[in-house]
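There are structures below to look over.
Paired with chain B in one complex and with chain C in the other, chain A is shared by the two complexes that follow.
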Partner chain A sequence: MAGSLSFMQRRDHKTAWRFLAPSLFLYSLYVIFPIFFSMYLSLTQWDGVSSQVLPLCIGSDSSCFQNFIDLWQDDVFWMSLKNNIAWLLFFSLSAPLGLALALLFHVKARAASFYKSLLFMPMVFSLVVVGTIWSWFLQPEFGLVEFLLKGVGLLGAGENFTMMASERWATAGLIAAAAWPHAAYCMVLYLAGLSNLQKNVIEAAEIEGVSKWQMLWFIILPMLRPATIIVVIVTMIGALRAFDLISIMTAGGPANSSNVLALYMYQQTFENFRYGYGAAISVVLFAISLLLILLYLKQTLKDETGRS
Partner chain B sequence: MEPKRRGPVYWIFATVLLLLWISPILASLLTSIKTLEELNEGRYWNLPRNFSLQNYVEAFTVGKFSTYFLNSLIITLPTVIAVLFFSSLNGYVLAKLRFRWNKKLMLVFLGGMLLPFQILLIPVFYLSNQFLHTYDTRLGVILFHVAFQLGFASFFMRNFIRTIPDGIIEAARVDGCSEWRIYSTMVLPLMRPALAALATLLFTWIWNDYLWSLILIQTDELKPITAGLQNLKGQWIASYHLQSAGAVIAAIPPVLIFAFLQKHFIRGLTMGAGK
Partner chain C sequence: MKLLKVIGLGLACFASTAFAASGELVINSMHSDPTSKKAFETILSEFKKEHANINVKVNTIDHESYKVQIRTWLPNNPPDVATWFAGNRAKFFVEKNLVEPLDDVFSATAGQFSAGALSAISFNGKKYLMPTNYYHWGFYYRKDLFQKAGINAAPKTWDELLSAAQKLKAAGITPIAIGTKQAWPAAAWFDFINMRVNGYAFHMNLLAGKGSYSSPEVKKTMATWAQLVKVGAFPETAAAMTWQEASALMWQGKAAMYLMGNFISSEIPSAVKAQVEFFPFPTIDPKIPTAQVAPTDVYFIPAKAKNKANAKLFMSFLARADIQQKYNEVTGLLPVNTQAKIDTKNSFLKSGQQILGQATGLSQFFDRDAEPEVAKVGMDGFVEFLRHPDRTDAILNRIETTRKRVHR
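Let's turn to the complex of A and B:
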């Protein structure tokens, strides 16, 4: 019966559509359709109010891609993109940090699970909470970091710790704050990976007398590959999504030096009411993320076929 | 890999590291029970002179945290329940029905969960404002969260339902059970661990959301606690005693969930990560 469905399949199809219908409706409305709508808006100069939204090139002699041409010449856009790259590079350090914590706290003791719970804790905080806490942690004059640095003599009595007011260092402070909960998350993923490692391989290596570093580099790390792939993807997506923390701690300042695409898009759209321009920024951000998304989907498909 | 036993040197090092790691938490707890006078004297990082919950009372009353807290619950709880319901239905279809679009649908759900939110901001704002008239309501935020979380949740549920043997479902079909009955009376009860794990994750994510309430809610009285905390920062700029109390209040529900349901939470994270 080529081309036609069996009775059972037809019955399954009917049920499937019925079960999926509400979800598909909501998902198309709020997730699928908006992607294309944003792409369309990026070709317009919509102000958020007018009911007619036509692409720029219709009825005028400007290019349809005028927003993107403007972006190319926008210093803040490049600054934000540069900061996003810095986020991608340095936020990723939370992965080795999470691995180090996981290796360190993968111990046998009743206290260990209590220690681990406390280490995981930052992971469940809202980034608004993390931002609030870290803002005064890093404050000049009375922040705890300044207090500690003065305590060990790294900062003189008259000096202040002004990291977050510095155009050069503000992003570093933000990434450090963001890495705090994220490293905890990486630690959870790596701990799960560690407890799944095959005992006999490790034991065999121990009998062979390999050094600790050889063990880590040649045996443990390769076996942790599945965990690492997930960690890398969630970390990179996290770096591209960075918004809450920056909006709360620096609002992109000083002088846009810590701005990123996600926040710049928000500012252009909802503060300057340049919806078309904001949409264009979001399309750029989407294009970058799409590479990661496709990579992730490919990996998942590979795992699926490998398993079944 | 088997965990090892460690000696006292290890434990000293581990304890110092742990204290450093949680020092931001300790600092906020400490600040939250200090009086403004004490902070004004410059006693920021000393132990508090006396224990007082006055800041918490003030956050709840003057800072309107009782309203924000309630709003967060009103937004979070229905969202979690709706996502659990719909995603388990989707998961059942994707895992157990012979449906032609299974794989493609799964990829769409999975891809959506990694989207940068910015690509959705303007259209969702526009939709809520012009068409659905859910702008500036808590329902508007709930609807968006339900839709967006369905991506990850459906994939999560599918992975779990796949581990249920086909045999028992086939047997029920042969007996003439409808798919709805199989789902609701056989599959759903077996899914309790997955539902619990997913519920803890969803609760935390929705509770902690800031961006979508910023976009979709304007009226202060409807805002959730994350936006409320940000308001508190804006209105009382240097009142760190209030801010820290506010931060602690906003963190309590996820921390409680994590403390009491840690096993589910961790299993959810590692299961969701595709293991």
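Let's turn to the complex of A and C:
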């Protein structure tokens, strides 16, 4: 059939394009165009005010990629990148946590729905609210965690809970706060997956007498694969675009030790008014996200086709 | 609310182009907090009484959005009057020819503004901004805690400050409160110590991007500051606290001193009000004349304003002593016009007027005097310094690298 579509098929294609047109238009305007415009801006040194924006190498002897050269020598950029990697590694722990919660509460009982709603609650909050609540928890002097630690005697009377003031541990506090709503999100995705399992397969396995762990590992997890794909992708994206929570809880501090690329991009662009440099950071962030997700999707598709 | 403001702004811009001839005056203001909004409304009603034929429209935009948005509307579709900051933040726009000179307006009030105040609003020999209010910085301290630690008088010299810190530390009281979750409170320390060690001219030159941060002078500033850090004068939890949270340490009696702007004086809880007093930043080198930090709020006329005649009327109005007095009776800040009177029962305002009047120079604050990028790297560096004074050289080199790139 290659090369020759039937009349009906061709008409279907036309109709399909017509239906797609409005969303394709908006998608290009708000997603595709800004991506390429950012790439263009990353070659300039726009300050947000001047009306003329030319790439750096036009009319001067500096390199078009000066922003990227500066990035390479920027300690805060590397610190942010390192923190983004920490986010990718540790934020993804919320996925197994979500799975565990989903398995625990996937029973038909009134109490289970009550706990599910409680767990889902943080997902409904805006991340700004989550950040505010957690900064209160982790607050030295007045915070809940310090109060509890003093209560059980882990902190002496004159001592303070200094996690969020520490360059080493602030990011850990941030990831813990971010994992709270995200684990709930993963739980919901897995709960949806669990309710779509093929019952006859599970029954057959039960008759065969498999152990609980075998059931989980060889039957349930493979059947949850579609849910897992979504969970992994939203978790990766979540870790890479972490921004609001950090902005609220530490603003990247102390001394940039908890900064990440998305926040650093914002600070450079809208606080320091280096639109070009900010765009260069966003281009790097975009490249990393694209690479990770392409790799993951490619692997997933290969597995899928390999199996069928 | 924000959407309404944006729509309002849009309509105002449209309206100002449509009826330019009929006595319009469009003012964009970033003073969105209740107090300064009320202060502005007070004098605005006065202006409307005096000029009933002018139709005044005010767009109040929240502070942070204003700072971003001004870059869009100022070159393209500006109002007739806008609020801003004195010093380098304004210089940026002045150098891009976006601000109208005001020398003719100032001629009516000659001699009523101090030389220090005028230096913050003049660029290349011309006056561009109308200063309406400023406030002073210095130490707020708990008298009762000082007595408890056996300190009899407020420190006047650096050595006295150091020994006070040691005594407080020994008495189990945090000597100096500071919250650096937002980095700026740390910068006040740099401003003051640098001005006291190296002088006002050196400081302003450095922040204007013309001096080196890795110079021996700046290293001396940091070494002086480090003496206090090494005594353990600052709380180790500083980086996890905002400036308000840190002030709670003082209200609760856990900390004894706080280097802050006078806006803190309106937040002192009534329970400890009687115990809180003020002393100016101590002398470090007696040979150096005393300068102060005094962030100044200003109004200006954009170069592309449509109703410049009305805008100038408004500027002359703002310059008057009686108007500045009315305005600052509400704001609780100090009027810049020296003939305006202040509430002499307010001891904080009195000290403020005194120290600013005697100052040989007024700086605007680190993040207003330095370029935004240098300010950001600098303030992050100062926060790091408070925890790791041993990293001074690396921190100064980092600031210097940024300065060189920005001012190349």
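Following the convention adopted for this analysis, the second predicted complex is superposed on the first by the 256 of 308 C-alpha atoms of A that agree within 3 Å, B and C clash if a C-alpha of one lies under 4 Å from a C-alpha of the other, contacts with A are read in each partner's own complex, and residues count from 1 in each chain.
Rule of thumb we're sticking to: a residue touches a chain if its C-beta (ideal position, glycine included) is under 8 Å from a C-beta of that chain, and two chains touch if they have at least 3 such contacts.
Computed from a predicted model, the values in this text were never measured in an experiment.
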| item | value |
| --- | --- |
| Touching partner for A:R274 - first (chain B), second (chain C), both, neither | second |
| First, second, both or neither for A:A165, with chain B first and chain C second | second |
| First, second, both or neither for A:N67, with chain B first and chain C second | neither |
| Partner chain in contact with A:Y266 - chain B first, chain C second, else both or neither | first |
| In the superposition, chain B vs chain C on chain A residues touched | B |
| First (chain B), second (chain C), both or neither touched by A:T250 | second |
| Partner chain(s) touched by A:V49 [first = chain B, second = chain C, both, neither] | second |
| Touched partner set for A:F142, first chain B, second chain C, both or neither | both |
| Which of chain B and chain C A:T132 touches, first, second, both or neither | first |
| Chain A positions touched by chain B in one structure and by chain C in the second | 48, 142, 270 |
| Of all residues in chain A, those that touch chain C in their complex | 47-51, 70, 75-76, 138-142, 158, 160-167, 250-251, 253-256, 267, 270-274 |
| In the complex, chain A residues that touch chain B | 8-9, 12-13, 15-16, 19-20, 22-23, 26-27, 29-35, 37-38, 41, 48, 104-109, 111-112, 115, 117-129, 132-137, 142, 144, 147, 180, 185, 188-189, 192, 194-195, 197, 199, 202, 220, 226-227, 230, 233-234, 237, 240-241, 243-244, 248, 261-262, 265-266, 269-270, 275, 278-279, 281-283, 285-286, 289, 292-293, 296-297, 300-301, 303 |
| Residue ranges of chain B in contact with chain A within the complex | 1-6, 10-11, 14, 17-18, 21-25, 27-28, 31, 42, 44-45, 86-87, 89-90, 92-93, 97-100, 105, 107-112, 114-124, 126-127, 143-144, 146-148, 150-151, 154, 179-180, 183, 204, 207-211, 215, 226-227, 229-230, 233, 240, 243-244, 246-247, 250-251, 254-255, 257-259, 262, 265-266, 269-270, 273-275 |
| Residues on chain C engaged by chain A in the complex (per definition of touch) | 68, 71-72, 74-75, 96, 172, 180-183, 235-241, 245, 248-249, 254, 372-373, 376, 380-381, 383-384, 387, 398, 405 |
